[in-house]
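In what follows, chain A forms one complex with chain B and a second complex with chain C.
Up next is the complex of A and B:
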């Protein structure tokens, strides 16, 4: 029995590995999403801004130093007024911050201003700059409203009076911050699992019906059950064969030079390397490692079962491809890929509870980025239930479909 | 045989083929609407971070501070909670942070004493953390300015280049139209040519005495027409569901038609090269996202740096997004003037049609 199961699984694996189109179909959309995340990492957070310092007094210079010091917020370039206006018109900068000539005099009368000329093309970009400049300006009169003050001021028991009468004592939940790219890598891993598991198995199943090889399987002396199990094992092996090197790569990319934040590599090199550098997974403890393997196995089995069902239902490679690509995209986004589910409207949050990928993404993030495994029990339970039910249903449908041939 | 008759016959045959593949066409159109929904979901996460608010004071200044937090540049979606509820939600990743207004806040502020807000942040994601860290001082500044507390000497004065703000989702859905055009028209174009190789009918095309270019033009015209219809559905959704109405409707229509023409031809070329629909479809899906992102879809491309901006010029989506954002919102997202973007689109449409027909004819002749 085991030999027959293994034979079927090995055959599926061989067929799949000899189908570059199927491999491309499974990997390209996910890799496209990966490129998207890498580029997004470079475009979120920091915006190019011109700084024009017209004032020559010591307070104007101090204001300029505060703005220049906030490197997390801006990609700042000091310019003359004329250059800055040209840069704004040419879209080389998103805003111009001007410290006016009379800054020091106006400060004496409590009426100083920092002018911001903002390309408010959309509120996401505009609000980023508004928040950042407001913080820099506030830091002038209330130094503790700057980032260092938020983290190391009142939070450490040092509270300085400020004219706004409110300060911030920020306490971060964890010691290390996870970059935007690292955070979004998890859904990409899940998307790859969905694409390979769902599309790979669905294409193999549909192919049997299209080419008439399902008939040969039915009349083979191997018996239907081992062949059905073999198909599911094959789909699982295909998924593992591609996902294991990718996850392993995630643990190895920390050795790539220029990935460090303080690296002064040119921007184009940073961009090129942002994909591999972002694919850096933190090394988990053994308990979290086991959780990781459990979750990946459960989500793989779920998608393999769903893929088999899709193949049986549609029996056409082109339809299977389009349906699986659409389905994978919905499962990805509703599960929290590129989105943070709590940000979404209530009804979408309810819908996302019905999507297994949500539990996979939540569970994987918990296992990799959080010190504890809160919520892991629920995630693995839901995914295991989905895996068992989809595999059983797929076995049943596939046996029935082959019997009818 | 007249070219017109060949064209008509070829178009009728292609239409019959598409009728036979209704499910595939419907799924392709569904992909277009899916992209629209997905960019909307992405847009929703760009603002309003879910943050718990624990107000232990309840006084008038606490209320004003809450108003300032709510008005801080679309930053917070505040949820009143008990400390235990908030802690559980924070530790299970359902909140970005917890803001606690301490007891006696209003009295202390009234007396001129500086009060520290306790802020706990789940700093698992740098982007979200940065947004909260920057938004809090913005809210505090708004609070201080509203009460005109003495001692504030500097303020930011904002001068907007554009008289109105454009919401993130309205901005994103317009650029998604260009992405939709690429996916739908590209896939249908690829299918039209790849099918000839899959079914072996390419031999019949080769043996036909009629002009191969005209036959291909007939096939692609139908693919383009179907793609345009699917895109029209997306456009209707944008106008009536999202309420985003183009300020320049004719430019919108022209740009979308140009996109359909370009991407049908490019798709046909890819289909002829790969000779399999199964290979062409995922390739187009895979290319769509990088093309989309490097096209000014999320913000003007040049803000991402000169290298990315130069690369963006290789993608027709860049010019399409440039024209569409202007046509819908009156925004300029490319440094190049709109008429130049339009001319480039037109040139690409003409060139790709000629190039594709030429290449396909050669491919068939072989």
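Up next is the complex of A and C:
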């Protein structure tokens, strides 16, 4: 039983590693997407920001009006503080701007402040928000000097000694040390996993029908179940065989940063995560390392299952290639491959809830960039459910398809 | 029972009615794909140590018959027993005793000959397969190419590699589906030589073919299939005898046409056809060629005549024409 499973998986891996055209087909779209992302990095779109107006005074209202009037940099939404906090936690907004309750009184004594809570690891997005708030505050203080405010850099949880009467108190909830490019490498990694899992497994399955090897498999004694399991293991192996060196390269070049903090995991975990080059890298935290492995495994199993279903349904290498690559691209976009999902139009947000890629990208970003794993539980739960159902369905369909030639 | 059969410890059930054991017994099998009747009430028996050829035009049901024997397709009616075991009940045990060369050859082109055989060894649960792999590669003359990728092999080499794979688990019964389609003459003779040498050590073969000379050269018995029905099953010699002796008359064309009209309905003439040198007649065994020549001479003058036994191609044409579906 084990021998047959392993035999099947090993054969799949050998066949795949000798199919350079198929490997190229599964990597090229992702690499092209990577280039596109790098080029588009500077043209970041608007982002949602929550405005909480707690002060009821005249000046507080005026400040709110000015901030609301600035529609260039962000999509502003007025919220209660509770809603705003929840939205920030869910990554639905990138920042909260708070006009405090005592705004009017404080203004009288010259130490009024607008609080900005940034929950964004992306340095470019954060800078946009800083600039815009500074501009709004400058406009409040001295409307004619509004543009000058843009020259001022960010503050870090302190009141800036500025010439204006209102200060900006920034509260960074994250280290904003991740560049947009690094932020966007994650979806590319997910896209590669999806492409290989989907295309590779689908091709192996379709080719078995095309060249008659499916019949050879069934003719062998010992039943189909070990072979079906072997195919799924094989699909997982081919994905890991390509993704491991790529992720390792990402770590080495620092395009994929670890959020290495506090608790340190043993060195073997680093080695597992990034291959033999791991000794040169900072050690990730236990939980984050395991989260990363678990997530990649769940995504791989999901796409391997889907790939098997595709191969069984189409049974034609060319059709399978086109469908798998298109499918991977759609999953990439709908899962928020190009930006954070909450920044996209409503209807895409609704659609993206049904696309497992979304949870993969969110979860991976969480595991790599953030010191906590808030929201990761949901991601890994959804992905595990996807993995289990897609693997079960694939086993069922493949067993049926192999019954007759 | 051959030496190899004992060595492999095959569960062969000895039938008291025949000297050799029955390896395959197909009884009253019907098999349909939608409206297509691929096999229609087919019965066939294959004795141990024989080579049985299944001959028939494309679509006759040859591959379907093989799939039924391997338990790949469950027939709508009838039973199939291989080495005494019911295929429907003990598919796994039966498959362990069958080696198959499928029509499509079914090799993994991307990897080496060795990797293909290692995979097959894993599928058949052969422990420590390296020695056995070398053995079968030597047998088909491919051991020097073991590390080469199969994509670079010729059609004949691929077919021989697939035969090596079929032999790997030392099966009692070998099933070859059109083993020489698309290979050159030399490879064809090599494959024939493999079949003959394996038969000599007691292996049983079921092979399908489109080529009648192949059936004549290799097979102990030939089963002729047409539209899913078995229309004849016998030794090549007996089949030839059944078609009757072939009488060729040399005459000019007009005379041939007149003789044809005269003898067409003669009870001793199974079939007649006009050919470029005159007329060819297939005669029933109880008819004397001299009588026919005498009758023909009454119609027109005959320049010469000769009799010979027909080859399988002629038998096949005669039989399939006679049993054409209405």
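Brief remarks follow.
Methods note: the second predicted complex is superposed on the first by the 245 of 405 C-alpha atoms of A that agree within 3 Å, B and C clash if a C-alpha of one lies under 4 Å from a C-alpha of the other, contacts with A are read in each partner's own complex, and residues count from 1 in each chain.
Convention: a contact is a pair of C-beta atoms (placed from the backbone, for glycine too) under 8 Å apart; a residue touches a chain by one contact, two chains touch by 3 or more.
Values in this document were obtained by computation on a predicted structure and should not be read as measured data.
In the overlay built on the shared chain, the residue A:223 is in contact with chain C alone; chain B does not reach it. Once the two complexes are laid over each other on the shared chain, residue contacts for A:189 go to neither chain B nor chain C. In the superposed model, A:212 makes contact with chain C only, not with chain B. Counted by residues of chain A touched, the larger count belongs to B, out of chain B and chain C.
Shared-chain residue A:15: touches chain C; no touch with chain B. When the two structures are aligned on the shared chain, A:3 is found in touch with chain C, with no touch to chain B.
Taken together, the chain A residues at the contact with chain C in this complex read 3-4, 6-8, 10-11, 14-15, 18-19, 211-213, 215-223, 227, 404-405.
Residues of chain A that touch chain B in their complex: 20-22, 24-29, 31-33, 35-36, 39-40, 42-45, 47-48, 63, 72-73, 88-94, 107, 110-128, 130-135, 137-142, 145-147, 150, 154, 159-174, 177-180, 183, 203, 267-268, 271, 317-319, 321-323, 325-326, 329-330, 333-334, 338-340, 342-345, 348, 362, 365-366, 369-370, 372, 374-375. Of all residues in chain C, those touching chain A in their complex are 67, 70, 72-73, 91-93, 95-96, 98, 100, 102-111, 115, 118-125, 149. Contact residues on chain B toward chain A in their complex (touch as defined above): 21, 23-24, 27-28, 30-31, 34-35, 37-38, 41-50, 65, 72-75, 77, 90-96, 108-109, 112-131, 133-138, 140-141, 143-144, 149-162, 165-168, 171, 191, 274, 276-279, 281-283, 285-290, 292-294, 298-300, 302-308, 331-335.
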